[in-house]
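To keep things simple, chains are lettered A, B and C as they appear, and every chain counts its residues starting from 1.
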C-alpha cells in the first residue's frame, strides 16, 4: 500500500550540491535500484527520504503525503520507512534480539514478552534463529547485516531503503544478504536500493535508475537500461564496470 | 647479520619449538634478573645510604617516629572515615551532575542553544578555578548569606563545592565519551523512529559511559584526595586531624600516617583503574 | 602616647645598661656573627606586631624581641627579621633564625622536638563569640558554653584546651587561621571560638562585627597554663643566653612594662566559672 514519489528533490552540503532536482516514482510492491558512481548522490538521497537529512527543495510524497515538511514529526515518518546501512550499525552493547526489539519497545511501547514470538518468527525466516542472543561482535558480517534488516523489518515499515548493504561484506557473504532481498521482493515489499551489484539489479529489480552528478539521467526496466542505455554517460558507466 | 646473544646461543640449523621456547625462557629469566637486581640495588642504596646522612636522625624523628605513629594512628583512621563518608555522598552526585552537564553540551536543538552555552560556561568556569577557592567561596560564602542551621553546614556547602568542581571535569569526560560514539549509531536509532531522548538513553549513553569508566576511575581517585580540602572550612577529617597532631607534637609523622592510610585506598584503586584501561585497550584492538 | 614615650625611654635606658652588662654569652652562637636573627609569622598579627612591621619595635612581641636582643648584647640595628611559619620552625635541619616568636605555646610534647625559652607571657584563654549568641542566652559558665558549636585555630593549643576546659557537646570545627575562624563565625557555622585573650580582644574589636569576648579562663586557672616561649632549634646553644635574658627582663619588671604598654587591659572581661 505504499508509493513513494520524489519531485525535484535538491540537497546541498555547504557549497556542494549533492542532489540537483531528483524526480523518481516507486509504485507499491516495486523494487527500484539506484545505480551510479560513488558520489552520484544515491546514499544522500536515501538518507533524505528517511529524513536523516533535511532537503533544501522539492517534495517527498509517501502515499501522496509530503513527508519533507519541516513542521512534520520525523519520528512518525521514520517508523514507516525502514533503512539498512552499508556498515550494519548494529548496537554493539545489545544482543541481536535486543537490537531488533528496541524500536518496537520504545516506539510502539510493546513489552519484550509481547514481542518475542513475532521477532522469533523474523529471525527464523532469515536463518538466524540460533543467533538471537549473540552480540554483534560474535556474528559474521553477513549475519550482522541480516540482523540489521530484521531490525528494520520489526518496525513493520511500509517501504524499505537499502544503502549499499553488501559493499562492506566479504564476497562469499554477499549472497546470503541478497537472498534476503529476493525473499522480501517475493513478499511484495516496496524497496529502494542503492547498489553496485549490477547482476542482482538486472535480475531482481523492477526498474533501475542511473544517477549522475545529483540527477537521474535515465531510468527504465533493467533489460532496457543495461542492454540499450540511452545516455552516453550511462554507457560509459556500465562499460567501465564491465571492464573492471 | 647481527646476532642477539641475550638469551644465549641456539643450535645451528632448523630449530624445534622446544629450542625456540628455551631461548625465550632464557631471555625472560635474564630480564627478570636485571630488573630484580637493579631494584634491589636502589633499595639497598636508600636503606643503607640515607641513614648515613648527617641529618637523618632528625628527619627520622620528625617524619618517621614510631611512637607518634602508634599514638596517632587510631584517631587518624577514625577521622579518615569522615573522608570516606564525604566521598561516598559526593561521588554519585558528581556522576549525576556531570552527566547532566554533558547532556546540556550535546543538545542539538537550536531552540535549546542556551543550555549548550550554560554547559560550556559551567565547565570552563569550574575547571578554571582552583578547588580550594570554590570550597571557600561556597563553603563560607553561601552560608554567610544568612542560612539558618543546619542548612549552613560546612559539610553541605563544602560537598557542593567539590560536586561543582568535579562534575565539570566529569562532564568533559562524559562528553568525550558521547562524542566517541559514531554518528552512524545515532542515525541507526533515529531511523527506527526513536526519539532523540531514547536514542541518547538506549544507544549512545550505554556505549559512552562504558568507554569512560577508566577515566572516571581516575577522577574518583583524585576526588578521594581532594575531600581533604573540606578541612579548610572546618570539618576535622584526617588531614586536619593530622595537622592538629603536627601542631601539638611538633612532628610531621601524623602526615605520614595519613599518607599511609590514603595509599592503602588509592593504590588498589589506581591499579584497578589501570586494569580497566588495559582491558579496554585490548578490546578496542 | 605619653605612656609610650615613657616606655620607650625605659627600654632605651635598660638597653644601655644591658649592653654594658651583657657579656658575650651569644658570641659565636648566632646564625650570623654579631647579628641576632629573629623570626615571626607571615603575616604577624596585631597586637603582637603592629602593622606587620616588627622592625618598628611596636607591638608586644616586637618589643619583647628587641628587649631580649638588648639584654643579650645586641644593638637594635644588629637585629635581623625573617619570616617563618610553624611548619618551617619544626622541620628538621638548619633553621634560618636564631629564635622565633609568634605566640608559641610551650608544651611537653613540643619540647621533645624543639627548644623553648622560659615563658615571656602567660596567656589567658578567652571565648570569642557574637552579640547574637549572647542575646540567645549564652553565659560565661562552662555549662552554658558546652552547648555551643565551637571552633578553633587548628594550629594552636586552643584545640586540647577546648576539651580540657569546656568539653563541647558537639565536635568542634577547626580552621587554618584566625581569618577562617572569623569567617565561619560570620557564616553562623560556629557560635564561639577559643583564642588567647589578646587575640580574642583584637578580633572582637576590629575584625568581627558584633564580636564579643564573653569570658576568660585566667592563665593560672588551668593546670597547664598557656605560656608563650621563644622557639629555637632542638639543642640550640643559644638557649641559655636567651633564658638568662628573659629571666633578667622578668625580674626587672621590664616584661610587665612591655605587656602593660601593648596588651589591652582585660580586666573588664568576666572570668568563666
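Remarks
Everything below uses one rule, namely that contacts are C-beta pairs under 8 Å (C-beta built on N, C-alpha and C of every residue); 3 or more make two chains touch, one makes a residue touch a chain.
From a predicted model like this one, the values you see are computed outputs, not experimental measurements.
The greater number of contacting C-beta pairs, out of the two interfaces A-B and B-C, is seen for B-C. Chain-level centrality, scored on Cα centres against the all-protein Cα centre, points to B. The distance from the centre of chain A to the centre of chain C, each centre being the mean of the chain's C-alpha atoms, comes to 86 Å.
With centres set at the average Cα position, the gap from chain A to chain B is 47 Å.
Chain B and chain C have Cα centroids separated by 42 Å. Interface residues of chain B, counted against chain C in their complex, comprise 55, 58-59, 61-63, 136, 140-141, 143-144, 146-149, 152-154, 231-236, 240, 243-244, 246-252.
If you check the complex, the residues on chain B that touch chain A are 184-185, 187-195, 198, 202-203, 206-207, 210. Residues 86-87, 90-93, 107, 109-110, 112-114, 151, 154-157, 159-160, 171-176, 180, 183-184, 186-190, 234 of chain C are the ones touching chain B in the complex.
Residues 47, 50, 52, 74-76, 78-79, 81-83, 85, 87, 89-93, 102-103, 106-107, 148, 151-152, 155 of chain A are the ones touching chain B in the complex.
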